[in-house]
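Note that chain A is present in both complexes that follow, paired respectively with chain B and with chain C.
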Partner chain A sequence: MSLDNIVSKIEGILRSKTKQGFVGIWEDEHKMIAAAHEARKAGCTKFDAITPFPMHAVDEAIGLKRSYIPWVTFIFGTAGCLFGIWFTWWTSAVDWPIIIGGKPMMSFPAFIPVIFECTILLAALSSVGALLFICGLPKVDPPVIDPDLTSHKFAIFVPEDDTFYDTQKLEKIFKDHGATDTRKTEF
Partner chain B sequence: MGHSHDTPVDVKDPGTLQVSSKLKTLYSVLMAIGVLAFVVTLASGNAERAWHAYLIGLFYTVSLALGGLFLTSIHHLTRAGWSVNVRRFFEAFTSYLPWAAGMAIILLIFGAGHLYEWLHKEAVESDPLLQHKASYLNQTFFWIRTIGFFGLWIYFSRVLVNGSLKQDQTGDASISERLGKVAIPCILIFALSYSFFSVDTLMSLEPHWFSTIFGVYTFAGLFQSTIAFTILVIAYLTAKGRLNGFVNENHLHDLGKFLFAFTVFWAYIAFSQYMLIWYANLPEETIFFEPRSHGTWGYVSVALILFKFIVPFLALLPQWAKRSLNHLVAVSFLILIMQFVDLYWLVYPNVGKEHNLVFGITEVFVFLGFMGLFIFAVSRFLSKHSIVAYRDPRIAESMHHHVVY
Partner chain C sequence: MIKRAPLVWGKKTYKDITDDISSLVENVPGLPYFVTLLTAKGVLIFYLCVLAAIVVTGMGLMGVNSPVGWGTDIVTFVFWIGIGHAGTLISAILFLFRQKWRMSIARSAEAMTVFAVMTAGLFPILHTGRPWLAYWLLPYPNQRGPLWVNFRSPLIWDVFAVSTYATVSIVFWYIGLVPDLATIRDRAKNPLRKKIYGILSLGWRGTGRNWNHYEMVYMLLAGLSTPLVLSVHSIVSFDFAVAQLPGWHTTIFPPYFVAGAIFSGFGMVVTLMVIIREVVPKYKHYVTLNHMENMNKIIMSTGLMVGYAYGSEFFIAWYSGAPYEQYAFVNRAFGPYWWAYWTMVTCNVFIPQLFWFKKFRRSIPAMFIISIFVNIGMWFERYVITVTSLHRDFLPANWGMFDMTFFDFGALFGSFGMFFTLFLLYIRTLPSISMAEVKPVLYVNREEGDKINVFG
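The block that comes next holds the complex of A and B.
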């Protein structure tokens, strides 16, 4: 396989999978949140909000459920702990037993730091991994709806496969709540 | 994460706590059984046991009061917003300090001789190690330290609390600024003095032993138990309907995170102390753990690991657990009981010969007596002052506190 092939394959993986949909853009975040509540009432469930900074009320407004990352952390942390116990036992008491300081081969107090680190390592790496996986990161070419969305504007994007997708009704909801711009777009 | 709100909110005075007759009965009964158990044990010629029980009660409640002083200082130092609505409880805890000083002086005058080997001339004369430590471990310096520490603690708690109470009257925002500066020396002095206080009162029970991490160990217990007690106070006032709009599940979430963090911290410090001593295996250090790892004491040690770390750790791990008052109350009770067991574990192997486990009604009742006095002091403070520092300049942040993580 040539280098070009490999590069284009990686690029293909990193390229974002976009959806067609309908977007509303606001300059006032409170109006955007009100519109998000309204869109949810209308039946949207898969829509997303794009804001330049994290906002508390948004997760509630778009009905965001808690992610499953804590479970990944817990399960991998437990796995790391068990691995640490097995690994310290296997290396120090089975495969290459050496008496150190007159302590027993399997000395928990001495191994707890190692077991602890294994727990933390697996829990942390798996959490970051799960986060990247859920968010589809890294992306090389995220579509730009509006460059101001990273500075002072707020948007709601409703994908076309949402449970409620009626551009005319959505446009009315968005405009009624003070959207400065509404249009079909890709995200 | 805090909100920034430009418009100041006008918060109504939540008023003071009307101490119900039930609460009055509770602390009166607790104090009465404490005094009774103590006197009966003394009268039956068991002075050693009575004073060791007294020491546990004193150290436990002094730690709660100092936990209040420490958390108040941290609040001012970091200019925290979220904790404005719970800070008054921390301040209330410090009102116990003058009472504690009185109890400590009683201990110095009448009890210290029953507790500390190094106060006896004959013991020091026959022991080169104690002679070596005599420049620190001697009666005069011990008295100066103890009285000096209480003086400093009472002084700083007065300055911090009076400033906060004055703000209730005037609403003067510059007071918060000033208290932020007071908190700097306060926290430094707290760190040193509490560490020395722990060494003086607990570590010197076995004067041959030493552990440089000991002050951190007792501090971990202090933080854990103070947060647990704060949660109980909040639960009590919530049940009375007094905290509507002031303390919600977001404040609980943050307190729960503190409780969780310092449960882990306690285990971390306890293990750090144990592992180094276990590894080095030096006789002058292992004398502490040796009696605590056999027989009944061994079970107490295992119980500490299980119920002061593993059970609260798992119980506080999920997010919902830190946002549910009932759940937090159950965990807080467990932690407060285990804090007692922890102090019992530190103090009691020195009682009696052969390190046998001595336990009975005396230990429980004398401890409950101190708790009665502490509850009395806290409820008296809250019955005189608003239960929330409602004119703090950062109160808007606390009223709208919202935690997402």
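The block that comes next holds the complex of A and C.
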């Protein structure tokens, strides 16, 4: 693979993949949640809310399950623990065994702190890695519908390939629930 | 009904919070900021000169010698690592306990952790005397056998503990920053600022699906940091406790060190918050007197734990019947280093008792002075543990004293320059209060809220 190919591949990964769709914007988060429930009742499944801070009501309104990242943490934490046990054993008892202070080659109790730190380190870094991977981060050009969506406004975005996508009906749902703005957009 | 005081004062809306906190990053700060920064930078430059002199000339410039082979470097290392622990306590442990008041101080406390650990990390490397060989501490395949590090040694546990702690703290802090960096990116008018914060925010979009995973990871990191922070200072205490020396060889050390670390760290958080509240008055709406009072309560209770540990050490020395152990403690309190011991006891046990009174808990000048005493006392605690135990061991022929040189004082004083420079730069360039965490804990009834806080 040539250098140009690699560069364009990295660029491809860092560019956001956007979709056309329909958005409603609110200034009151409670009305947005009500509209999200309504949209879900109408048949939307792939739609998403955009909020400046985490809201638990959003998970219920758009039908999100509990995140599965704890499994990643558990698996990598276990792997870190096993690695720590193997590494302290292999270096101290196999590769170059040296008697220190008359202690056994495999001094398990003395290795516990190092094994513990390996467990924590791998568990923490893998959780963050999983978060970035699942959320598709980092990206250099995230689409911005409204700059206030990271400050004090709330939005619902329905992509055009959603199971229910009827802009007129969606507009009515959004407007009925007090949306301040509705429009077709890219996100 | 018990009324809850609001966590943020001044009838703030979501937009007010964004404007207030972003403006610290977007506007050029006033004169007090630059005066403070330049002072800190001056001390930092002095620090670099001291370090350069020590590295170029050698460890002979510092006071360590036989029999006191662990001096200012180790004392100050433990001091700074301890400072860092309160940051993790606030950001992780209080998060797990659902203490909502933590939200507005968590970011700065976590930043304090990162900078304190950075400051601390230099000292053991300096202490080795050959800092250019510091990589020998890591177990890497080498051409000397490969000769691996000794995993039975507490000093190697320390390398693993501190480096893991630094890594996880930085990651935890950064993940918390991402949504706020996105806020600043979206507000930016200046294209360069937009670009820089755009890169730093990793392209965060704030969708429900992303928040769902984000919150889970934040909780996982808090859950992982909690045992981590307890392990770090336990392992630091093993550096002493695993040795056979009277005064070091005690089982109480891990909890005693952890309590002391939290105690000193909260002292530093209070010191920093008082300064920031004066330099940046907007902070007073977010870090309220209630926050300060809560922290002072923690200082007082951890101070009592530390006092209990001091007493318990003496009791065990007496109860054990071991003459060397008994001598080590009598010598500590009434030997040639009595002044260090009683400075420690006064600063750590007696002075924080003033926080039993609400008046002192809620008085800014009082808490500032007490928090400085706590910092002084906790440095002396490590000095007492390290130096008084080493200076008189089993053979009176080997006894000696530890004299700090100009370079010892220089390294100790200069490290504050490094810490404060980093902290002041952080205040200027990153959102120093977590917007995405403060917004969800706003008081619902804002009009009522301000009436309650009058009575606190």
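By definition in this document, the second predicted complex is superposed on the first by the 178 of 187 C-alpha atoms of A that agree within 3 Å, B and C clash if a C-alpha of one lies under 4 Å from a C-alpha of the other, contacts with A are read in each partner's own complex, and residues count from 1 in each chain.
One rule holds for everything that comes next: a contact is a pair of C-beta atoms (placed from the backbone, for glycine too) under 8 Å apart; a residue touches a chain by one contact, two chains touch by 3 or more.
Note that the structure is a prediction, hence the values are computed from the model and not measured.
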First (chain B), second (chain C), both or neither touched by A:Asp59: both
Does the superposition put A:Pro70 against chain B (first), chain C (second), both, or neither? both
Just to be sure I read the superposition right, which of the two partners does A:Pro147 touch: chain B = first, chain C = second, or both, or neither? second
Quick one: chain B or chain C, who's touching more of chain A? C
First (chain B), second (chain C), both or neither: which does A:Glu11 touch? neither
For A:Asp161 in the superposed arrangement: first (chain B), second (chain C), both or neither? neither
Examine A:Leu125 and indicate which partner it touches, taking first as chain B and second as chain C; both and neither are also allowed. second
Overlapping contact positions on chain A, where the chain C interface meets the chain B interface: 54, 59, 66, 70, 101, 103, 110, 113
Touching chain A in the complex, chain C uses residues 13-15, 18, 139, 145-152, 154, 156-157, 160-161, 164, 167-168, 171-172, 175, 179, 182-183, 185-187, 198-199, 202-217, 220-221, 224-225, 227-228, 231, 235, 238, 435-437, 439-440
Quick one: which bits of chain A touch chain B in the complex? Just the residue numbers, please. 54, 56, 59, 66, 70, 74, 101-103, 109-110, 112-113
Where on chain A is chain C touching in the complex? 16, 48-55, 58-59, 62, 64, 66-67, 69-70, 73, 87-88, 91-92, 95-96, 98, 100-101, 103, 107, 110-111, 113-114, 116-118, 120-121, 123-125, 127-128, 130-132, 134-135, 137-144, 147-152, 157, 187
Show which residues of chain B lie in contact with chain A when the two form their complex. 1, 3, 271, 274-275, 278-279, 281, 317-319, 402, 404
